[in-house]
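Taking it in order: structure first as structure tokens, then the write-up.
Each chain carries a letter (A, B, C and D) given by its place in the written order, and its residues are counted from 1.
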Amino acid sequence: MTILIWIIQLFFVPVISPLIIGVIKKIKAKFQNRQGSSIFQFYKDLWKLMYKDEVVSKDASWIFLYAPFIIFTVTIAVGASIPLFASFLNGPTSDLLVIVYIMAISTFFLSLAGMDTGSAFGGFGSSREMTISALAEGGLIFSLLTVALVSSSTNVFIISGINILNHSQHLLSIMLAFIGFFIILLAETTRFPFDNPSTHLELTMIHEAMILEYSGKRLALMEWASANKLIIFIALGSNLFFPLGIAQNISWLALVIGIIVFLLKILFFSTIIAILESSVAKFRFFRLPDLLITSFILNVIAIVLIN
Amino acid sequence: MNILFLKFLFGVMFLTLVFLHLTKKNFLATVAYSIQSLVITIVLFNSFLETNNFYLLLVVFLSLVIKVIIAPIFFTNLIKKHALAFSVSTYFSTPLILIIISILTFIAYSDKFLPLTSIIPNNQALLSIALSVIFMSLFLIINRKGALSQIIGILSLENSILAFIIFAGLEQSPGLQIGVIFNMFIWIIIASVFISMIYKHFGTLNVTSMKNLKD
Amino acid sequence: MLEIITPSVSFFVLLSIFFIGAISSLIYQKNDSIANFLSSFFSIIGSLCGLFFSVSMIIYGKNLSFIINYPYSSFFKISFHIDLLSAFFIFIISLISLFCSIYGVGYLKHFYKKYSIGVFGFFYNLLIGSLLLVVTASNGIFFLIAWEIMSISSYFLVVYDRYDTDNIKAGFLYLIMTYVGTVFIILSFLFIYKYIGSFEFIDIKSGISLIPLSIKNNIFIFTIIGFGTKAGIIPFHIWLPAAHPAAPSHVSALMSGVMIKTGVYMMIRLFVDILQPIPVWWGILILIIGSISSLLGVLYALTEHDIKRLLAFHSIENIGIILLGLGSALIFYSLNMPELALLGLMASLFHTLNHAIFKSLLFLSAGSVINEMHTRNIEEYGGIIKYMPQTAMFFLIGSMAISALPPFNGFFSEWLTYQALFQGVAQLNLSFQGIFIIAASSLAFTGGLALTCFVKAFGIIFLARPRSTKVSSIKESPLSMRIGMGFLALMSILFGLFSGYTSRLLEKIGKDLSIFKDTNYFTSASFYQGIDIKNSFASVSAPIIFVVLIIIIFAVIFIFTFVINKNQKIKIENTWGCGLNLNKRAEITATGFARSIILVFKGILKPSIQNEVEYHDADSRYLPKSRVITIHVKNIYNYYFYQPLRNIINIISLKTKNIQSGNINAYISYIFISLIIALLSVL
Amino acid sequence: MELLFIIASFIGTALIIILIKNRLVIELLSIGASFVAFISSVFIALKVSVFGIYTPLVFLSVDSLGSIIMLIIGLICLATTIYSVEYLRQETSKNIIGFTRVKQYFILLNLFLMSMFLAASANNPIFAWIFIEATTLSTAFLISFYNKPSSLEAAWKYLIINSIGLLLGFLGTLLYFTTTTNLGGNDFVSWQFLQDNAHNFDPMVAKIAFIFVLIGYGTKVGLVPMHTWKPDAYSKAPAPIGALLSGALLPVAFAVILKLKVITDIAVGPLFSHNLLIFFGVLSIAVAALIMFNAKNYKRLLAYSSIENAGVMAFGFGLGGLGVFAATLHMIYHSFVKVVLFLSSGNLLLRYNSDKIKNVKGALSVVPVTSVLFISGFLIVTGTPPFGIFLTKMQILSVGINTHPVASIIALFFMAIVFIGFFKHVTSMFFEEKQVDIEISDKHIWLIIPPLIFLVLVFGLSFYIPPFLYTLISDVAVKY
């Protein structure tokens, strides 16, 4: 029984993530009152890319070749060790700092791969990515720390296990931490105010610039990994800050409810992101650090307010 | 010899020193120095009379020969050889010199130095004159720019110390005094050799020309 | 077998090996290869014995102390006291010197005809010997002697390549700063001697209550300045980025891996062991110094284009992290929470060990790159991974370890430091909580910025196309250098994997100190080698993370290369350059990479950006031939503190010089005036 | 009886040299004389360590301090004579000086050594004064040896300032005799005699006398306000003479001050003389440190280093008790190290024939052995740990921190500035690339061996002090 749940936990993130991208694109299309592609379009794109031939630059080294696999593995590993629908699958890799620093591995190899091909776009993309992720890390650790202090444990599953009433005493600090976390979510997954995921304009693109040189299977993996990352952050955002509806014990009913509630949360988050993307303009690059610093300050205030 | 005559002698010594401060001519300076050393030999002779120890007679004779006769001869033929009639000027103007001399004598006479000058109470007056002469000869060396007058300053310092010692009752055994005088004699020879070398190298006896050893 | 080698005779055998090595390489200095062989042979054997000695000491947990009294002066005795803390530092010293000596065998070959290798061997062995003496001495004067021998021998190693003038300047700055630091240490020992009457650490420890608190604070300030200069904390760090790059690479690895730790060792020995009942503000000051050093260290590293200066700044950053651990330990102990203090001390010791390993790995790999490229400016590197694949691999492992990425050892010591700081934030009241929050935030930002800096370093040096023609002519570094680096990389992985076991040993070392005698463990071992904080606040297990990552990577690679679209063709083409053929100008440069971060932090760094433009012909300003942009960060410490200090002393010395005015009358007046003043003042 | 050997040998060689024309004989004679002096000073030192005092004649007696100084002079005179033989041969080969100058050099050298030995062993203060005056006279011409205007100026200043100082010292020593005159007998007055009835010495006169003595003999030692002649004299004198002046003459002058200090301490109590010595000591360390910071000429640098070390010794003796023990040890180490430094600076001068620091570049590759000697000499003299001077300085400071904390902190601060200043010049002289035109040669054995012996001596003495020397030093620590 637990092995089945483990398998679901392992495959849940990679399976669902393309759906979310489709949903967000569909909502954005609705806002620009055009039909937009179906929500399963992203699955088809991945399938298409899997079977295309690949072009690799002669300047690239083994890092360019193996980076996609490392990044994809990281998203799978983190996906498996965070609470999606059940909060009893406690594993040693689900410590708060371990998750943050394993995500740092993916940023590390992503920007190295970006620089490896020796094109100007890749270089600038990695430089911007590293600037943002360097500043975002402080805010990320501190927002998760608030929640950890509230539930007096840094293990992600234990945090999601705490019932909602306990949060009510620290409602204000949890809310502040959530806002901070949401800014970090947008930064880490390079969503709207930080970077426009759909553009290839070299002046503004960050994430796209690094995967510019990829093609075929590796491009598919990269796209898929960024989708997984979005799901991971949404899962962290929803299950740690609003831990209601997560299965506490191994019973089919609780699990089904857990999955449904989780899907609803994901839907809710993706609508917020889509609304945000079609209403707010992309910030100038040097205003982003101020945004990240505000998120950091919010988290610090949240921690101070706890006791 | 009674105390009055000794006071007169010390007065002569004091005047020679004041004269040394003011004189412009080297020759007159050497003359003043020979008068001074004459005074010292008389004083030595007086101490011989009191203790009638024959070795002292030898000391008197030696100091007479060296200080009164040989030293001035050296200096005069130096002056003749290099035509150094005029001694070089001083740092302070003459009225200022007189003021400083009076300050020094005042310090010597002040009660600060009472323990020093009253080693032998009844010679107290003589010792304070000797002390003021010591300070004045030191000031002479500082004030004068001429090499020859500096040497004369040092020799007069030596004379004044001898005078002070004799009247403070600290007179040494004749053997040591001969040693000291012999030392002074060699010193005079070396100093005069140096003066001729300075004249050869620097062309003048003005000490201020020798200032390139700064760093 | 381990039992017999712990008595004191084995320690003397250890010391004598190094001194024999020093003397013998000096004797054979005429023939370079013999001298090289002798010096590295003895240093390798010596460090192996050092390893055995320290490991046996730690496992058997015995303390050793023996005294040889020096007949001619009453207060100076050659006395050793080796407890587990010094054994731990002996372990670090011998581990790093073992691999540096192996590396050195190959590296010294390119010095063969230029300088005498015998002299190098002499000072190299002397340095390691004096390092061992420093961490075991327990008499103030004997410690100062070992300390100064260490500084002098490392000075002569820094200026070894003496035909290059800025090596000389760097060496000069280094020795002056260390000397000033030693003067402060002498001052603090003198104050201690004034109240306790002996330089023996044991007597000081027992008689500590004699020293009044105000004097103790002075002693603290002097020791912080003295040992801070050696450890390279922020205000006193200016010698570190100058001296470490100047030394031959395996010496700079030894210096920044081990020598700056002697400053940390003495801080631990003094603050945690000897001057123990200490006020709280000491720990707070160390914590603040730690956070400032770590944050500013990594920021200055970002602006660097000289690979060894970049690594030297990172040493400052990591020393800051070690001080964070130490500061939190001191604060906890003075607020009588001994278990948390033990945790903080464990974190700082573990990070000292890890930093020694990955910093020397980085310096050695950077050294072998410089050895081939003959220049330290990373703007001229690029694409070296194709010519030196193994060195690139070692540098990658080193940079992943230093930016605390999980499978390697850097992460687990930083994890422990984080736990110590989180406990501080969780359990202390408001005023202390603020300081711990500052420390934790500086640690978080440092982690992020270190990651950026090492992406820049690794990317610019090894990846993409060569930026200068020299790159095409280089070849992989010789075998002995690769062995040295390989073992260090292996050590970095092993200490990551067995971090649970090492933290147990560190806890045992911590408990050996007198103040932690009766504190119970705050962390406990779980069956799969993880580290668990008490009441399950947090737990991490290195092997599980490692296994999970490895399995998933192989699964993903297997699935996506062999299962889906097995016969996919991969074409090798030029990078897409919008139709132009990309030359080295298209690639990002180190300045370009770091420009955005520097502009974000321009308040702190105050960068000055100059760009020179060269035109084809002078009058028409429309066709620029070449445009060079240089970002320069002003060294504010030099500018606002050290330069004015030097000018003041210079002015005063010029003033006193004109005492020697050359005028004889003036000289005589000095004598006369001093006579009169003395007489008047006395009577 | 050995003392007579010394004096006789020196006077004999001085007289015979006047008559001889052959240069080799002159050199052999002087080396022989200094060898005799060395052997007999060792014997005297052994005798004194056994009997405590050694008086061959009524007016010559050697106590423990005197024997240590005679040992120092003996060792240094042997080394400098051997060195000056080779040094002058080099100079004549570069035809800087002719044969007459060499003859004059050796005559004056022997007279100088004789007067130093006599000054160290004189029993009567005035007797000691006469022989110190004799040293001034004999070295006057040695300093103006090169007959250049600058060396003449240096010699003139040396002569004038020293004579004034010694005359003041003369007055001071004579004032000490007020205790004996009322006893009537003017038989031979020795140090011991003065010391015995120092109790009926009028305290005020004692204070004035000690000030005159300190200022007077202080000029000879080179404490700060009276040090002005030292840099000029040491930089213009030939290197062996510089070594003798700073290595041997300094302790002799210091011994006289110490002997008179003992008498004043009995009369007035130690506090008075200690404060004065400490004041002048710290002042000398401070001024020497500051001037050394940007000196231009490396021989003047060594002169300032002697002034600084004289200051350290004065500070040590001023502290009393353990400080005296450390200061005597410091005196021994300093004299030997100064010889190493001066003789190697002589070699540098021979090779670069300019004593400006900026003209000496990359010496480590031009004259490797001499530079190693100079650098290790520098490390020893500034008190870097493994060597003896660090221990003595630490001992002085640790005694000082108890009684005079402020003074010792100031002293420590200025000792650091000394190190920084000296080190700045050493690096600029030794480490860069060598100038193209100077060819590498360090082959004159006899220029290298004397400083090398002394370096080994200092190195050995830092770790092992022979028992007889140890008894002598501890006896000095008790008496002074």
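One rule holds for everything that comes next: a contact is a pair of C-beta atoms (placed from the backbone, for glycine too) under 8 Å apart; a residue touches a chain by one contact, two chains touch by 3 or more.
None of the values given here were measured: they were computed from a predicted structure.
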item	value
Selected pair, greater C-beta contact count between B-C and B-D	B-D
Separation of mean Cα positions, chain D and chain A [Å, integer]	80
Separation of mean Cα positions, chain D and chain B [Å, integer]	31
Geometric centre distance via CA averages, chain C-chain B, whole Å	71
Separation of chain A from chain B, taking each centre as the mean of its C-alpha atoms, in whole Å	102
Sites on chain B at which at least two other chains make contact	113, 115, 138, 141, 150, 210, 212-213, 215
Multi-partner residues of chain D (each touching 2 or more other chains)	156-157, 160, 164, 204, 208, 231
Residue numbers of chain C (touch at least two other chains)	657, 660, 664, 668, 679, 683
Set of all touching chain pairs, with the criterion as stated earlier	A-C, B-C, B-D, C-D
Residues of chain D defined as touching chain B within the complex	124, 126-127, 130, 133-134, 137, 140-141, 144, 147, 149-150, 152-157, 159-160, 163-164, 167, 170-171, 174-175, 177-178, 181, 186-188, 202, 204-205, 208, 231-232, 235-236, 295-297, 300
Touching residues (chain side chain A, partner chain C) in the complex	50-51, 53-63, 66, 69-70, 72-74, 76-77, 80-81, 91-93, 95-98, 101-102, 104-105, 107-108, 111-112, 115-120, 122-124, 126-128, 130-131, 133-138, 141-142, 145, 148-149, 152-155, 158, 212-213, 216-217, 221, 285-286, 289, 296, 300, 303-304
Parts of chain B lying in touch with chain C, wherever the complex brings them together	91, 107, 112-113, 115, 138-139, 141-145, 150, 207-208, 210-215
Contact footprint of chain D on chain C as seen in their complex	71-76, 141, 144-145, 147-149, 152, 159, 162-163, 165, 168, 171-172, 175-176, 179-180, 183, 186-187, 190-191, 193-194, 649-650, 652-654, 656-657, 659-660, 664, 667-668, 670-671, 673-675, 678-679, 682-683
Sites on chain D touched by chain C in the complex	156-157, 160-161, 164-165, 168, 204, 207-208, 211-212, 214-215, 219, 225-226, 228-229, 231, 272, 276, 287, 290-294, 322, 326, 329, 364, 379, 384-386, 390-391, 394-395, 397-398, 401-402, 405, 408-409, 412-413, 415-417, 419-421, 423-424, 427, 431-433, 465, 470
